[in-house]
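In what follows, a single structure is set out as structure tokens and then discussed.
Order of writing sets the chain letters: A, B, C, D and E. Residues in each chain are counted from 1.
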């Protein structure tokens, strides 16, 4: 038997291929020009910008036997991931030199993880999802452990690895059950078979489903699978924390969303409630525990748990509006969180990382600009208009309400009010206390650019979100 | 709108504004504008009186003050018989007090302020009197209260003065509480607050009822009693009389003008003005009569023992005001207004006389330290005597005519409490004579009981003080001539003049009864004077022995029946204590604030304990995650 | 019948060695127990007509990965290992959770229903040979995962390098052009 | 499309604030002058509203309408009617006074202070202009940020607690309202246009739920009992300008919210919930008044008095008839003017004495007679003396509520007595009584401060004597509102069933004749 | 013929054993080993199902899982070595500096 080998069309996957190439080139460049670090980040930036442009021009298509789908939904998430990469790259220059991290592998590992995310975003098959996930995760494990002399970084990396491995195993067992029940790993195929065979309420299928969403919840950092978040965010290099809080989370939501939407749309009744519970639990844990944090990275970690909970509100709605709300939210969250981390990095210096909340006391006096920007990001994270955070939250609440989850929304809103307390605490420290040390932050061009970008994003999307929201909403057409 | 009518209130207003703003620069000259303006006002008022007498009435709106939906109230003036009388009283006494004050207030701090406030008071009182609707009446009503507050508290650095001013305002507010509800009820019944349409249609509410909180009352009764609440407050009747004696903290001219002649009579004016409403309700009339009678007796008994000369006069004022209410209560409104008119003069005279004495005594007000002032202050002596005779109802003096008319009307009236009122009134007539002459004798006769230094400085007050006294004395003697009853040859002009507004009393005493009553009351008065002479001239030890014989009665009277203390104990203290200990400490802090602050505290505590779950050990995390997986699987089972 | 006995044998060995592996105090024993387990697993794969995977299981898993583990186990201090506690202090919850999870997974097996049949019945695989069939599939249907798996291995290489190497970069960074911060 | 005056009014201060932000920190004087110029300019720009406003129609005027977020049908939709126009003008006026009163009292971070103030002004005007519920919410929440900073950065010793409390209280309420807004959007035909929403016939059950959702936000802001406790703290700790804005404008927004949103959109719920709201208002009136008697802190006392006064406002609004609603709106202005002025005054005196304890004062009238006179006027206006603005509002409210339910007016009127009590007691303890020797050398007001008081004085008498100039703006709009809520332009039928009114055709509509009566 | 459920039961048991080891062992290397047990359980499941489903999908998936497992092992063990170098420990309860 001869099987002709036919090359599938590579057009749809071209951005990923190009990105892989960039990653490889970076390694080579690093080898050839070990001293020229600017080049690495510049190349990465160039690649990001180029790819974003390329992505916007991509037409919906699918390749590799429908395992890889390019649609507005995936493009949107890829753009989020690339923006995350872009911002992280901008942030990293200053941070890497402070922490003395090697640049070469750093950028290429980040790029490979983004490739993994992009594959996740486009994946329509559980196998590809799993592999994309692992590609992303393995790169991130390495990046988290990049500060080899810093015990916290080691600890974070090992912990992340252990928990990530466990969640992968859970996910895989779930996939195996789904595969066995349906005979396929293709999401659309699963959906089709489930409704044809009428096995939607089969406990075995549900178990498989539960295991899989547990795995995804781990990736997005939702309770009760959030335990890695604070420790890893805390221990990881700050630029990586920033990266992790945005890109992998977005990718996690991308597959989560696609899994629910394409794989189990008819099971909405069941997963709606469980996701509501997970969402509320995440908001509760995130917001409440964040109240007693003293380290800014940990605080932002808990806040990111809470925000994962908010983002889940869109998914639980199970409507295309809900998904676009989640997407919007993640996009906005990327900007505001990146901005906040940019400030964290800004305050970091070789002798003192200034990660304690106490270090922010009197920032408005010593570094008024930094304080003002942090204020904007904090209010945005709280969801106070006219910042983008409000628009995102509004959209989510609206989607969840439209789907009938009134009580969930009310509780979410109350948690949101609680969250204001710890965001405000930072503002209070910055504006209403006296500085403890004279410290003038240094703005490197990259950091300045990152701050500018995130500020423009947060304010711009807060005031004129119209066209952007339309884009997000249009991404769901065809779903 | 004729100009003279506008001048009457607004010239004092202008004088107030100007003096208040620029008085500091004018210094000791700042009295000119107020005096001139109030004198001009008086002239205009007199002209207005003549106009009214010739049958010319005005009821005209100046502009629409408030209009909201179907409600519309104007600022407008009503000039009729009642108004014109009041205008005369207010402007004449105000003018005299203004002039008197130049002498009395000489050298005081805030001289200009005093005159400014006097002008403000005059304006307010005139607005009260002139208004053609209830709301404007209320405006004036409150504005006089304000002026009174400011003038009582003129010596604001004295705690007692500041307290007294505040007390006057607040107690008045309690009365106004009823008043304004009365206004609402009037509006609800008539759809307007203007006098003219209300009084024109008043009979339509005669048999209607008003229900609130399940209690149904006759509508006119409700309106009348609510309005009467206001009158009680303003005219210091029981149980809201407590502010008036304290108000004596103000400079004496103020007491004369505001707390004797004009402002305190606003309550009577109100009842008289609303006589069509009151007349519809026998209940209300009875209540007024009874309140009047009790107050009359009550205040007179207190006045018997007071030693502060201004307080004696103050209680006598309360008592005399009560006469006016008795008159109104028995439906003899014109008699009430007549007494208002005469009382204004003799009581102002009494007060100004007191002021003159106080001036002479260098602000000593206690009668215990006076005596024998006759030879030092002759003009004051004679005018004071005339006033005392007038208030005691000695025939021929103003007080005689008005008081006797009231008593006669009370006796024959068809109001149930009329006889009772007559009895009390007659009794009090004797008491009035007694305490007036007690005061008179103690001040002017006998030996001087003050310090030598005071004695050395004793002299008659300057002319600017004595001339108003003399002018007022003329009034105190002659004011009664307007209403000499027919029985002794008069033609009862007063009643006829006011008849268009105040109507005709229900019953008239026959001449014989009137004469008998007159004799009874005159003899009561005479007995009072005699007793005073006996006790304080003839036999100075007698008061002491009486005091010892009836210690409880004396204490009750001397301490004003402990009403202030009672109020303090039963209202003021409990309210403030309730506020401090219940509302603030328990409800606001212990309950509401505790919930408000407790929630974050609880959340914080939860946060602290949830934080411990994140203990750093991966195995535990993994176990929790595993538990989470099991939880989700079981949830899904249950869901399926 | 023979198959069943073979299965049961393998199953018993797998469970026993699995339990032993997680209970042995000495990590070396654990690794060896897992080695045995992997071999029997390969046996089961053979039962399931997956020769290629059985080979991979032995070559890659047993041969490469486990050896790597063994190396690492030897790298760290073994003597100390034998004297300390095997389990974390509070392992009861972990035990309960894992039993719970196992219970859940076992409980659903009765409800399990096989899904849609595919196009590779046993006969076809046997006819093609498993390796060839896998090859066809890998290079056609599963090309994308295959490539991604390659990328993952690349990451493993880079990551392993980055992590394991004594960092030369540190010296580098502390050198001449350490500061990119624009003053 | 006519000139976008409302946008100008909203964005002038915001842009002004941004300009200020760019100014040099060194030259504080320039910053102050610039802030003053901007606020004056803003006020000047509100004047055309006064003259161009058409009082004969309830339709929105000066309307600007652009699509903003098309996905949700959200519009940039501004407009004014007779209810909101006065608040816009008041906001502009009050800001000027705030700039003046902060001239010397703000010592640190001067530039930032004025920036915050101007941003706050823009947001406040936005709140009153917005006709799109979403837009309204944006402004409503955006206000929190500058206000939070005003209290927290420039406030008193306990400012952080107060600022946080203020922020969280308001935020919880607002977020619950947000849920309500979105629900309304979903159930009400996918629009945020409040005029269109008012046309909807929503089921009563839904209306009730939404009503309480909105209540959460508005009642906190008003503040109604029992969610009032943030106000005393915020007022006490806020700097003078902050207290003034808070008292004059911010807390009006709660009542405005009821008028603009709860009532027309949820008419059935409003009529159904009338009694609970009236009772809460009554509790607020009495409670706020009585608790004032126990206060020892100057600002706290005025703050609690605001609870009482705002109780009158909500009472008026929910008594649902023409007089009470118009009185309520007018009383909002009045309270803004009077309490604003009181806080201005307290700010001035605090600047001199640095104490807020009432017992530290005494006899100030001797050394500060001008100030004492101004403060007396404000006190009297606050007490509701006829001739001042306070009376007009309270009278109309009480009259209206009497028409609705007499016993409510009975209870509410007791607030007048208590009000006189605590205000005059306060006045006595500060200005009267023996002079505290500490203040023998206290400085009298300077011209700047007198100028700051003047607009308030003028307004107090203007509204007190010629309230119709203000009420005229409202008549048609209020009638329309009441028609929406109760179906009758005059509001709920009178609770006092007395039939005399009909027979009085001439009743009181200004008697414009001279009677010649001869006998 | 062996029923599929036998395989599944075995897989489930092995998975639980892996989980158990993972949750209770102190030694990080043994924890890694436990993950391998879990992955093997999954592999067994996949291959068995694949067999009964007449499909090669599970087989290929297994192949990928083995690949990933190898990569994971490399990186994981690398991390352990870094940790050991720094802290001289491979015990999970000794790396709990990050907490709270």
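Just so it is clear, contacts are C-beta pairs under 8 Å (C-beta built on N, C-alpha and C of every residue); 3 or more make two chains touch, one makes a residue touch a chain.
A quick note: this is a predicted structure, and the numbers were derived from the prediction, not measured.
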Partner chains that subunit B and subunit D have in common: A
Partner chains shared by subunit A and subunit E (touch criterion as defined above): B, C
Whole-Å gap between the CA centroids of subunit B and subunit C: 101
Subunit D and subunit E, separation of their C-alpha mean positions in angstrom: 66
Subunit C-subunit E separation of Cα centroids, rounded to whole Å: 5
Chain centre separation (subunit C, subunit D; CA means) in Å: 70
Multi-partner residues of subunit C (at least 2 other chains): 88, 91, 94, 97-98, 101, 104-105, 109, 112, 114-118, 141-142, 145, 149, 152, 155-156, 159, 162-163
Touching two or more other chains - residues of subunit A: 127, 131, 134, 138, 141-142, 145, 148-149, 158-159, 162, 166, 173, 177, 179-180, 183-184, 202-203, 206-207, 230-231, 293, 421
Multi-partner residues of subunit D (at least 2 other chains): 168
Contacting chain pairs - touch in the sense defined above: A-B, A-C, A-D, A-E, B-C, B-D, B-E, C-E
Contact footprint of subunit C on subunit B as seen in their complex: 617, 619-620, 622-624, 626-627, 629-630, 633-634
Touching residues on subunit A, where the partner in the complex is subunit B: 158-159, 162-163, 166-167, 170, 201-203, 206-207, 209-211, 213-214, 218, 223-225, 227-228, 230-231, 269-270, 273-274, 277-278, 285, 288-293, 418, 421
In the complex with subunit E, residue positions of subunit C that touch it: 3-4, 7, 11, 14-15, 18-19, 21-22, 27, 30-31, 34, 37-38, 41, 44-45, 47-50, 52-53, 56-57, 60-61, 64-65, 68-69, 72-73, 75-77, 81, 84-89, 91, 94-95, 97-99, 101-102, 105-106, 109-110, 112, 114-122, 125, 130, 133-134, 137-138, 141-142, 145-146, 149, 152-153, 155-157, 159-160, 162-164
Contact footprint of subunit D on subunit B as seen in their complex: 20, 55-61, 63-74, 76, 132-133, 135, 138-139, 141-143, 146, 149, 153, 156-159, 161-163, 165-166, 169-170, 173-174, 176-177, 180-181, 183-185, 187-194, 196-197, 201, 204-205, 208, 210, 212-213, 219, 500, 575-576, 578-580, 583-584, 587-588, 592-593, 596, 600
For the subunit B and subunit A complex, residues of the former touching the latter: 600, 603-604, 606-608, 610-611, 614, 616, 618, 621-622, 624-625, 627-629, 631-633, 635-637, 639-640
